[in-house]
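Each of the next two complexes has chain A plus one other chain: chain B in the first, chain C in the second.
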Partner chain A sequence: MKARILEHGDVLKIVDLLREQGHEVFAPFAGRGRDTWFDLVTDENRGRVQVHLPNPYYPPKRFVLPHIERLMKVRKSNGDIQIEPTYRDRKRAIFGIRSCDVAGIWHLDRFYLGRDFRDLYYEKRRKNLFLVNVVCTDPERDIGEECFCPCADTGPAARENFDLQVMDLGDEFMVVAGSPAGEAFFANPMFKQATEAHVEKRRAILGEVRKRFKTTTSWFPATVRYVSQGTILDKTWEEIGSRCLECGGCTYVCPACTCFTVSDRQIGPGEIERVRIWDACALSGFTRMAGGHNPRRAVHDRRNRRFFRKLAHYFIQRELSMACVGCGRCAAVCHGDIGMPSVVEMIRRATAENDKLQPV
Partner chain B sequence: MYLEAVGNQIVGAYPSMSHPTNEGRICVRGWHVHEVASSLDRLKSPLLKADGQFREVSWDEAIGFIAGRMKEIRARHGPDALAFLNSPRCSNEEAYLLQKLARAVIGTNNVDHGTGVYCNNSINVLLDMLGVPATTSSISELARSEVIVVDGVDLARQLPTIGGAVLRAKLAGAKLVVIDSRRHRVAESADFFLQLKPGTEPVLYGAMAKVIVDRGLMNLPFIKAHCRGYEEFLARVRDYDLLAAAESCGVAAEQIEAAALAYARARSAAILYSTGIEARDAAPVEAIVNLALLTGQLGKEGAGIFALTEHNNLQGVCDMGVLPDRLPGYRKIADDGARAEVEAVWGVQLPAKPGLASRSLLADRGKGQVRALWLCRYDPVSTAFFGDAANVLQQCELVVAQHLFLTESARYAHVVLPTTAFGEERVTFTNTERRIQLAEQVIEPLPGTSPAWQQLTQVARALGADWKYDSAADVMDEIGTVVPFYSGANYANLAAEYGRQWPCTKDRPLGTRSLFAEGLPAGGFKFMPITRDIQVTAPADYPLTLVFGHSLYYWNQNVLIQHSETLKREYRMLLLDYPEGFVEMNPDDAKQLGIRDGEKIRLHAAGGSAVTAARVTPEVRRGAVFVPYFVRQVQQQIRGTTENGVQLIPVRVVKEAG
Partner chain C sequence: MSCVAHNSASAAAVATENIYLPKLVVLDRVTDDIPEVRTFYWHFEDATEQAKFKHFRPGQFAQVSLFGIGEFPASLPPSPTEEETFFTIRQVGSCTAALHQLKPGEKFAVRGPYGNGFRMEDYYGKNLVFVAGGIGLIPLRSCIVYALKHRDKYQRIQIYYGSKTPRELMYLPNLREWQQSSGIECYLTVDRSADSWSGNVGVVGSLFKQPGVQVPVENTTAFVCGPPVMFRFVIKDLLAMGFREGDIVSTLERYMKCGVGKCGHCCIGVAYVCVDGPVFTYEQIKKLGEDI
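Then we have the complex of A and B:
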C-alpha cells in the first residue's frame, strides 16, 4: 500500500476534495460531554469536523444498512401489480470512520455480498461509499473505556477495506491508500512523499497506542472453542440471560449485526410500501415461527443465539471473521453488563470453575 | 436521547452517552421512538363529526365549534359539566395549559390524568409523610447504594433504564432485595427474593419493622431530630409477629428477617416502587416510608425513596396540577392562600371545590354530571383499565380529542385536533428523578398539525381569555411563577446541560440532585401507624387470587407500539399465541388442575365468570392468577361485577371444554 504525508492543517481538505467530487460526506462532530455523531458536512459545519474524538455511539453501519428504509412500492391498478424498487445510489463518503467500524462494514459486505445471493439495496449503497479511515492514536480522546479492538484484531489501525487511511503522526498526518480510488487522491500536490522515517514513526506510535487501551479486554480464542463445541453449561447461559432486559440495544449499535425485519404498510389506496428495519435477536418475536413455535422462547436461548452467531466457528468460517469488531459499544449500551467482553469473561470463568479437579 | 433526521424525516433514535440518568442506555421503546413521527397513520387535519361521519375542517371552524359548544354546555349546566383529562405522556406545557383552561377559563377543577387512580395515592402519602411528592434521590446514586429494595415493579419490562442501574449496582456489590409476587427478570439476580402473596405488602413491612425494633436497629437520633408520630407507630409495630406475618405473606421468616437486617444495617439503602398502573393502595406506600424513617435511610448518598413514575411525564403532569384537588405545585385547591397566589398570576377567581377524578368520570361521568370531556393525548378506551370509557364517551354531548392518531377514543369524539409529535416541537418533560428536560425540535411539524399547547391557547382565546403565548418557552416562564420549585426552569437554563432536577429555583438554578442532601427538615417527617388488619385467607370455594392491572404487558397498548413495525410484531405475537387473551398461572397450580399452557379455562368468581386461555409460567406465585390488563373480557365479566377498582378477587379456575 502506498503512503503519503499531509500537513497537519490540510487534513480536512480531504473532506473538501470528496465534496468537490460530488460525494455527500459524513464526518464526526462533537457535542455535549462524550457525545459525538456522524453528520452530513455542509459549508456551515465543515470547520467543526473533528479528527480526534470518541467514536460515535450510533454506528456508521446505517450508511449501508439504514435503521429503517423503504425497499419498494407496490401498486395495484386494473388488476395489474406494479412494483417500483427504491434504490439509493448517491455517492457518499464517510470521513473519520474508525478501524473497528471499517471491519464492521467489511463483515456486512461478506454477509450481504459475499455469497450466492447479493443484496441489491446494500450493494448500491456500498458501491457508492468511499471510506476515509482515521486511526485512533490519542489515548484520551480516541480510545474509550470500553474499546478492545486489539483483542478482535481490527485496530487501532485497519489493514485493509478502506479507501484512504489517515493517521496522526504528531506534526503531520500519514495517509495510506487502500484502493485505486483512494490512490487517485495522491495526484493532488498537497500529498507529499513519505520517508522510511515516517513509516518507522507510524510503527512506533501504533506500538505505543496498543498499550494505552483502558480496562476492557476480551480474550476470545478459548471462548470461540467453547461456543463452537457447545460445552457451555445452560447455567451460564441462564445467568447471562437473566441480566438481559431485552432492549435490543446491543444489536442496534453493533457494527457487525446484520439482522433486519421486513414489513408492508399501506401508503395510499391500493398502494403499499415494503420497509426494512433493524431487528434484534433479543426480542422474542424475532425467532417465532408461523404456527406459534418459538425455538428461542426463553431469554437465555436468545442470548445464547447472539453469542453463538458471533463466535461459533461455523460462522467465522463462512464470513471469514468473527462478527465482533471490538468497538465496545455493546458493553456501553447494555443495562445488565452482558456486552461481549463480560460474556467472554463469564464463559471463561464458568468453564474454569468446571475444570476444577476434586482431590480424592 | 438524539433523533436523527434526514431531510424533514426522523429516521433514527439513539441515546446520549453522557446523560446523567441513563448513561447511554435506553429501552426497546426508545430505540423505536422515531417511528411515531413518521407513521403513515398520522392525522393531518382537524376532524369534525357530522351525522356520525368525520369530515376535514379548517382550524377556525374546529376551534370555533369547540368554543361554541363549551360555552353552551357551561351556560346550561354550569362549569362542572365539563372535564379535562390528559395522558401522562403530555408535555409540561400542555399539562399546565390544560388545567389552566379548566380552572381559569371554564371554572372547574374537573382535571385529572389517566393514571391518577394509583399514582395519586403515592403523591398524597409522600406529601403527608415527607413533604415532597417525588423520588427523593437520583438514579445515578443507586451505584452507591449498599442495599436496594425493589417492590412490586418489573423493572426489566416497565423501566429497563432503572432496572439496568439496579443490576449494575448489584454486580458492583450492592445487596438486592426483591419483594414481588412475580418472579420477574430482576428477581433472578436478587440476594433475597420475597415472593409474597398478592396484597400482603403492609404485613411484610410491618414484620420487617418489628425485626428492626426487636434488634434495636432503629436510627433513634434521626427519628428524634426529624420525625413525628414515632410512639404511635411503635405501638402498632408491636402488634406484628414475624412468624404470623411469614404465614400470611407466604414468605419464609428467615427471608423477611434477613431482608430487614440488610436494609437496616446498610450504610445507604434505597427502596424502589412504582406509582403507576400496578395496584398501589396507600398502605404499602406508608409502610415503605415508615421503614425508611425508622432506619434513617433518607438524605444520604445512595439512600432514599424512589417513587418511580412509569410514564415519560407522569411526574410532570402531576407537578403541573393535573389533579382534581391540587393546584400546580401540589397546593390544595381548598387552601385559600394557595388559590389567592395563583389567582394573582392568572387574574381570575378560581373554584374552591375539588373536582372529579378520572375514575369517577370514566365510571359514570361523575354520576351523570359531566357532559363534555376533553382528552389531551389520552385514549381511555384502549388504556384505562377502570370504568367504561367507551360508554361514557358515547353519552357525552361533547368530546374533544387531541392526538396524533385516530385512536379508539378519538373515534367517539365530536372534534379531533391533530397534534405534533415528539421531535416536531420544543417542549419539556419531567422524569422520575425530578429532571425537567427539554425535548428539542429536529424537524418541521407534519403539515396540518399543530402543538397541543397552541390548540389549548386558541380555544382559551376563543372563549375570551387573554392568553398570549408565542412559544412553549413562554408557557414555561409562567409555570416558573406559579410552581415555586420550577422558578429557575426557563428554557435557556434547561438547554444548558441535561435539564435540571427540581427544586430548580432562582436561588438554585442548577437544580437539586438529591432532596434533603443539605440537611433534613427538623421534625418534618411523619410516621404513619399501620394497623394489622389484613385478611388473606382465601374462601374455600375460590382458592386462587385474581390480580388485575398487571402491567407487565402494559406497554403493548402504548401509541408507540401500535406504530412501530418491530414492536407491533412483538405485540401481535402475544395475540397470535393467545387469540382469546390469557391469564397467567403457576405451573404447580396448573398441573393440579390439569391445565396446560395455552388451554382454554374458565374463571369463576362470586360475581361472574369468564373464559380465557392459561399462560402457564413459573414467574407467577402459587395461588395467584394474573390478568394482563388488556384482557378486557375478563375485566368486564368478573371485575365489572365487583365494586369498581377492586384489585384482588378470589376465584376458582376450571378447564373449559373445546
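Then we have the complex of A and C:
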C-alpha cells in the first residue's frame, strides 16, 4: 500500500476534499467528559472535528445499517396494494473511523453481502461509503480503558478495508491509501513524498502503542476453542447469565452485531412503511414465537447465544471474520460487567477451577 | 467508490434483486380445516412470479406479508406437482389473525420459496415412513403428495398420524384418500375419542404396536413432524426400532423475520433454520449445540 506524508495542519483538508467531492462527511466530535459522537460535518462545525478523542460509544455501524431503516413504503387503496422499495444511496464518508470499527464494517460486509443472499439495502449504502481510518496512537485520548483490539487482531492500525488511513507520527501525519479511490487523493500536492524513515517511525510508534492497552485478554483464542468445543460448563454460563440485566446495551453498541427485527407501521392514511430495527439476542422476545413458545427463555441461554455466535469457530469460518473486533464498548456499557473481556476472564477462571488436583 | 467485500466469485456483481421485497398475491378461496386452521389458496398477480415460485421443493417455506401487521414464515403444504398454491395456517398471532380475516379477491404478499426442503430424489428406492402429530402434517403433506405422484420411485409408503380429537385431524379428504389407496398404508389415531370415532385411541407411538402394523426399518427414511413432546417420544420409539439417526428427518420452526439468513432470529446453535434448514436429520439436530 502506498503511503504519503501530510502536514499536521492539513489533516482536516481531507474532510474538505471529501465534501467537495459531494460526500456527506461524518466525523467524531467531543462533548463534555468522555462523551463523543459521530456527526455530520458542516461549515459551522468543521473546525471542531477532532483526530484524537475517545471512540464514540454509538458505533459508526449505523452508516451502513441504520438503527431504524425503512425497507419499503406500501400504499393501500380500494383493495389495491402498491409496494415501493425505498433505497438510500447518497455518497457518504466517515472521517476518523477507528480500526476496530473498520473491522466491524468488514464483518458486516462478509455477513450481509456474503453467501446465497445479498442485502441490497446494505450494498447500496456500503458501496457509497468512503472510510478514512484514524490509527489510535494517543494512549490518553484514543485508547479507552476497555479497548482490546490487539487481542482481536484488528488494531491499533487496520491493515485493510479502509480507503485512507491517517496516523499521527508526532510532527506530521502519515496517510496510507487502501483503495484506488483513496489513492486518487494523492494527486493533491498537499500529500508529500514519504521516506523509509517515516515508515520506520510508524512501525516504532505502533510497537509502543501496543504496550499501552489497559485491557488484555490473552485468553481470547483459548476461549474461541472452548466455546467451539462446547466444553464450557452450564454453571459458567449460568454465572454469566445471572449478571445480565437484559438491557441489550452490548448489542446496541456492538460494531459487529447484525441482528434486526422487522416492523410495519402506519405513516398516513392507507400508507404503511416496513422498517427494520436493530434487535438484540439478550431480549427475551428475540426467539419468542406466536403462541408464546420460547425456545431460548432462560437468560443464561441467551447470553450463551451471544458469545457462541461471536466466538464459535463455525461462525468465524462461515464469515471468515470474527464477530468481535475488540472495541471494548460492551465492557464499557455493561451494568453487569459481562462485556467480552470479562466473559473471557470468567471462562478462564472456570476452566482453571475445573483442574481437579488431588494433593497426595 | 470504496472497497466492498465480496464473498462470491463475481467481484463486480451488484445485487439487483431485493431479497426483502414480497410480491403481491390474490386470495382465491379459503377452506376450513379444523378449528382455528384454514387453508388459503392464492396465486401471484404476476404470472411469471407464479411460474418461478412453482419450482419449490417439498419442505420449503415462504414469507407471508400482511401489510400493516407484519410478515411470518409459513410451510408450503402443496406439492410442486399440484396445480394450486396454498398455505394452511393456524390462527395464533396477529399476522395469522389478519390473514384469517381476508376475503377471496383480497391481496396480500408472498416471497420465497426459502429453506433447503426435502430432497425427495435422495429417497428414491427407499421406504418412506411419515409420522405426524396435529398440524405437523402440514409440511409433510407436500412430501406425501409428491411421493404418491412418483409412486414407482419409492418402496413402501406409510403414514402414522395423530391428533388430539377426531375433529382435529388435518386434511381429512386427503387422509380418506390415502387410507383407501392401495399404494400407501395410512394409520390414524386420536388422543381423546368421540362417539363417531372407531379408530385407534392413543398417542402416535401407540400405532407402531398395533396388530398388523409393521414399520420397515431397513432402507427407510422416517419423516417426523409435530409438537415437541410428540417429537421426543417418536424419536425414542424409532431409535428403539433400530432407525439410524441420519435416517430420521424433521422440519423445525422458529421465530423468523427475513427468511434469508440475515435477521438472526431463527439460529439454533450453528444453524440458521431459514437457510440451513428447516429440514434437518436427527443426527444434525443433535449436533446443533442448542436445544430445539
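Just so it is clear, the second predicted complex is superposed on the first by the 352 of 360 C-alpha atoms of A that agree within 3 Å, B and C clash if a C-alpha of one lies under 4 Å from a C-alpha of the other, contacts with A are read in each partner's own complex, and residues count from 1 in each chain.
In this text, contacts are C-beta pairs under 8 Å (C-beta built on N, C-alpha and C of every residue); 3 or more make two chains touch, one makes a residue touch a chain.
Just so you know, these numbers come straight off a predicted model, no measurement behind them.
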First (chain B), second (chain C), both or neither touched by A:336: first
A:288 touches, of chain B and chain C: first, second, both or neither? both
Contacts of A:172 with chain B and chain C, given as first, second, both or neither: neither
Which superposed partner A:279 touches (first chain B, second chain C, both, neither): both
Partner chain in contact with A:259 - chain B first, chain C second, else both or neither: second
Touched partner set for A:246, first chain B, second chain C, both or neither: first
Touched chain A residues, chain B compared with chain C: C
Which superposed partner A:71 touches (first chain B, second chain C, both, neither): second
Contact residues of chain A, present in both the chain B and the chain C interface: 261, 263, 266, 279, 288
Chain A-touching residues of chain B, taken from the complex the two chains share: 2, 4, 11-12, 14-18, 24-28, 30-31, 34-35, 38, 40, 155-156, 160-161, 163-165, 167-168, 171, 185, 188-189, 497-498, 565-566, 568-570, 572-573, 576-577
Chain C residues within the chain A interface of the complex: 1-8, 14-22, 24, 67-72, 92-96, 105-107, 109, 253-255, 257-258, 260-265, 267-270, 275, 289-292
Partner chain B, residues of chain A touching it in the complex: 32-35, 37, 54, 57-58, 62, 66-68, 242-249, 252-253, 261, 263, 265-267, 275, 277-280, 283-285, 288, 292, 299, 332-337
Touching residues (chain side chain A, partner chain C) in the complex: 71-72, 74, 76, 79-81, 83, 85, 106, 109-121, 123, 126-131, 160-163, 178-179, 181-182, 230, 258-264, 266, 272, 274, 276, 279, 281, 286-291, 295-296, 301, 305, 308-309, 312, 314-315, 320
